[in-house]
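Alright, structures below, take your time with them.
Both of the next two complexes hold chain A, though its partner changes from chain B to chain C.
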Partner chain A sequence: MINAVGRDIPDEILKATGKEVFQGIHYRDGYTYKKDGPVTRCVSDNTRSKLVDSIHDALIKCNIKDGMTLGFHHHFREGDYIVNMVMEEVHRLGIKDITICASSLGKAHDPIVPYIEDGTITNIQSSGVRGKIGQAISSGKLKGLAIMRSHGGRVRAIESGETRIDIAFIGAPTCDDYGNCRGIGGKSNCGVLSYALVDGDYADQVVAITDCLVPFPNFPAHISMTKVDYVVVVDAIGNPDKIATGAAKPTTDMRKLMMADYCTQFVVNTPYFKDGFSYQTGVGGASIASTISLAKIMKERNIRMRFGVGGLTKPMCDLLANDQVDCLLDTQDFDLDAVESVKDLKHFRISAGEYANPFNKGAVVNKLDFVILAALEVDINFNCNVVVGSDGEITGAQGGHPDTAAGAKCAIVIVPLLQGRIPAVCTEVTAVTTPGESIDVVVTDYGIAINPKRKDLIDAMRGVDLPFKTIEELRDIAYSMVGEPEKVKFDDKVVGIIESRDGTILDVVRKVKEYTFADN
Partner chain B sequence: MEIVQPAMAGTLESSDCQVTVEPGNNGIEFNLESVVINQFGNQIKKVVMETLKNMEVSQVKISIVDKGALDCTIKARVEGALFRSVGQFDHLPWGGAVR
Partner chain C sequence: MMNPEKKRLRRTMMFLNAQKPGLIKDPYIYKPDSIMLDLEDAVAENQKDAARFSLYHALKEINYHGCERVVRINALDTPYWKEDIRCAVAGGCDSIRIPKTERAEDVKLVEEAVAAAEKEFNISQGRTLIMAAIESARGVMKVLEICESSERLFGIALSGGDYTKDLQTRITGTGVELMGARQHMIIAARAAGVQCFDTVYTNLDDMEGFRKEVESIHLMGFDGKSIINPRQISIVHEIFTPTVKDIIFAEKVVKEIDDKKAKGIGVFTVDGKMIDIAFYDGAIRTIYMAKASGVYKGDL
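Let's look at the complex of A and B:
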């Protein structure tokens, strides 16, 4: 069945998943449902300890068995040890058919690929995957379907009961013996635990894993003892060097600086750029550079930001330090400056649900004026792909891309027109992961395209000295330099689905076919 | 042009390609490894075949490791490898076979 972004979703996938095809970003506005709840085992005996000796013992106490769903968060990013440690024990116990429901997975998790191959792990639900897990899925090694969903979409899936987490493992930089977890302090300081909060609320059993046990009470707790069954102390939960890096040096790449400048000029010429505006940006070089140049113009024109959201980095936290923004709403900290900034009273931690869940009674993203995003590919319908590489292999994550694009009044995507020989603006993206109806502007080094449905923005830019082009013109410039790419050849076998934030199916990912030349 | 000895041209830098030619006696033996093979494999092959034809090469083992080079780069690297293989470093046919 063809969905609202023109993708053909096979009937057998709709049947197997019980899902509908994507029908527009606000298709489920007003949808009414009863929230799911965890099966809870009480702790009233004051002599009972929650401390267990090892991950192995925690798994035994949680009655780990075949077919269970395990929850993980990705605040330690490429420095995470938790997923590998837990899955190694699960594998050692001979458990099969595990579903991993992670807020994201990265190259740090390459070691779990053998467990995909031997049937320990048969389903993966994540914002995305990179590295060898992506290759394993794209070559058809995962027995079940990989489900790629946004940060908001994950919370929706869990709160609505579509996904039930049997055991959640929460890597906690600091924790006390009763399970009060904080993202702050310890050796693996990640600042916040936003993505894990829904696991604490909805998983049947919750295991906190820490490498820094502190005296009770570890307050104010980010995840409360009231939700935690067991506490395990291990030597290390992550590699601090890869959890929060030093602030990225502002880029000196002229191409990125030029795109950042185009982006900032666009932002300041929209009607939304006025006192009290709101803003979110990513961690790419051009995004960071555009935040820096925006801060300069805000100062010159005496314009103040009401709130900034993110995925935070130093340039965003500098706005707070320099009193240019009233407050920051934080779901994740990418560098040490952002982790440090969490201590500021106007730097608020928010949950992934508050941030982006479309099945809330409203989320923060809905209040955004601007979001600055990146993409692997954008097509002439403004559909974006941030998950599947142009070679057909899964190699990225939705993150908050579809959530913020749907919520923000002005969603801007910055992409260099060419990534090597790959045109970033193309006729049809390899997979649709954010629908074009929620993307308003595409900024490239060869020009800027405004989505034709945003007549208001087109009008606002009359007389503005920026290189405006149509999206088709941008594609044609790209193809004139590199040639028109062939379509990647896929098998019929569907290996994954790209879920829209509301749980409908945006696209499917198929197994990549081995390449053969056309004429032999 | 007849390939005399093995020769190489190009690098493994992004947007470049490394071309190796060796004498062959089995027509054109073409081998491609490319980061963009799924999208540009046929186009790369076409450029290589055209370049070989243009240089009147009919017996060669040619291997290319491509890092996303544009057609013009691929053509230049193939020509460079061919001229090196015959030891021709002067009087290159600019505007003739090489254009």
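Let's look at the complex of A and C:
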């Protein structure tokens, strides 16, 4: 069945998943549903300890069995040890058919690939995957389906009961013996635990794993003892060098600086750039550079930001330190400056649900004026792909991309026209991961394209000295330089689905066929 | 007839290694006035042919959107320069930059090779221009004869690194070591009616130092500066582009002189300044620079 972004979703996938095809970003606005609730085991005996000796013991106490769904968060990013430690024990116990429901998975989790191959893990639900897990999924090694869903989409799936987490494992930088978890402090300080809050609220059993046990009460707790069943102390829950590093040095790459400048000039010429505007940006060089140049213009024009949101970096936290923004709403900290900034009274932690869940009674993303995003590919319908590489392998994550794009008044994608020799602006993206109806502007090093549907933005840019082009012109420039790439060859087998934030299916990912050269 | 390209706007001339496809595929997006595709120092001895290959195809295939394409050939005491010229001219480059120029004969030698290549590849005679890099004390002393050596020669450029070595000093950042050469070269260039370009500034971490140097050479009369990174372009263009105030004043001067001349008045005032015919050429040049830089919207 063809969906609203023109993708053919096989009937057997719709049947197997019970899902509908994507029908537009606000298709489920006004939808009513009853939230799911966790099975809760009461603790009233004051002599009962929640401390268990090992992850192995925690798994035994939680009655781990075949077919369970395990929850994980990704606040430790590429420094995470939790997923690997837990899955190693699960494998040792001979458990099979596990579904991993993680807020994201990265290269740090390459060691679990053998557990995909031997059937320990048969389903993966994540914002995205990178490295060898992506290769394993794309080569058809995962028995079940990989579901790629946004940060808001994950909360929706869990709260609506579509995904029931049997056991959630929460890596906690500090924790007391009764399970009060904080994202701050300890050796693996990650600042916030936003993505894990829904696991705490909705998983049937919650295991906190820490390498820094502190005296009770570890307050104010980010995840309360009222939700935690067991506490395990291990030597290390992550590699601090890969969790939050020193702030990235601002880029000196002129191409990125130029795109950042185009982006900033666009932003300041829209009607939304006025006192009290709101803003989110990413961690790429051009995004960071655009925040820096925007801060300069805000100062010059005496314009103040009401709030900044999202995964945060130093330039965003500098806005708070320099009193250019009223407050920051934090879902993740990408550098040590952001972790440190969490101490500021106007730097608020928010949950992934507050941030982006489309099945809330309203999320923060809906109040965004601007979001600055990146992409692997953008097509002439403004559809974006941030998950599947141009070689067909899964190698990225939706993160908050579709959530913020749908919510923001002005969603801007910054992308170099060519990624190496691959055109980033193309006729049709390899996979649609953010629908073009929510993307307003594409900024490249060769020019800027405004979505023709945004006539208001086109009008606002009249007389503005920026290199405007149509998206087709940008595609044509890219193709004129490197040619139109041959389409990736896929097998019929569907290995994953790209879920829209409302749970409908945006696209499917098929098994990659080995490349063969055409006979000449 | 003089090739009109001789006098084109050349505020920035950006060095690019001709062997690096990533660099030469689209430098025009940064809008330098000229790019200099280097076959000389940036290219290793055993890679000269590979660099010529990528240079030729880049010149043939890439639309540089009006950005001047200068090719720096290898020095005349190497076995490479003649083939460099054949490739560059066959590719359709706009200009050849001669390194280590020390005498008029160097330019004439290149001129002959360029003319032969134009004939060989059916390029219209005289299309390919030449510029001479001055990199030694001897070159500086012979600079006037170099400037006057060829009808194809549009300008000279100081190459500070080699020049200071020859002078047995070094680049200090103060400019004192280059003072004599800069002054001598700009005077000779102006006397001969060709353009004059300053040397590169290599410390990319010191953009303030770069700005000061550009301001200084602009005041000395240079036409532009060799650059090594696109981050340097906007600073040079900003300094070399007339300000709105300059343009308005120049416009008034030109119009008033034209008007007063018709009325037989030789000396008068504009905005409180005493003006006579001696101001005319300077004002015309300001308007020309403003036009060439794309900032003049008036009717002159």
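Keep in mind that, in the parts below, the second predicted complex is superposed on the first by the 519 of 520 C-alpha atoms of A that agree within 3 Å, B and C clash if a C-alpha of one lies under 4 Å from a C-alpha of the other, contacts with A are read in each partner's own complex, and residues count from 1 in each chain.
Note that in this section a residue touches a chain if its C-beta (ideal position, glycine included) is under 8 Å from a C-beta of that chain, and two chains touch if they have at least 3 such contacts.
No experiment lies behind these values; they were computed from the predicted model shown.
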Quiz item: Is A:468 contacted by the first partner chain B, the second partner chain C, both or neither?
Solution: neither
Quiz item: Does the superposition put A:515 against chain B (first), chain C (second), both, or neither?
Solution: first
Practice problem: Figure out whether A:392 sits in contact with chain B (first) or chain C (second), or with both, or with neither. | Solution: first
Self-check item: Contacts of A:481 with chain B and chain C, given as first, second, both or neither
Solution: both
Quiz item: Is A:446 contacted by the first partner chain B, the second partner chain C, both or neither?
Solution: second
Exercise. Based on the superposed arrangement, let me know which partner A:348 touches: chain B (first), chain C (second), both, or neither?
Key: neither
Quiz item: Does chain A have more residues touched by chain B or by chain C?
Solution: B
Self-check item: Touching both chain C and chain B, counted on chain A across the two superposed complexes
Solution: 481
Exercise. Flag every residue of chain A that touches chain B in the complex, lowest number first.
Key: 390-392, 420-422, 481-483, 485-486, 488-489, 512, 515, 517-519
Practice problem: Using the touch definition up top, name the residues of chain B that touch chain A in the complex. | Solution: 14-15, 35-43, 45, 67-71
Practice problem: Going by the contact rule at the top, pick out the chain A residues touching chain C in the complex. | Solution: 252, 254-255, 257-258, 445-446, 481
Practice problem: Name, in rising order, each residue of chain C that touches chain A in their complex. | Solution: 25-26, 29-30, 204, 229-231
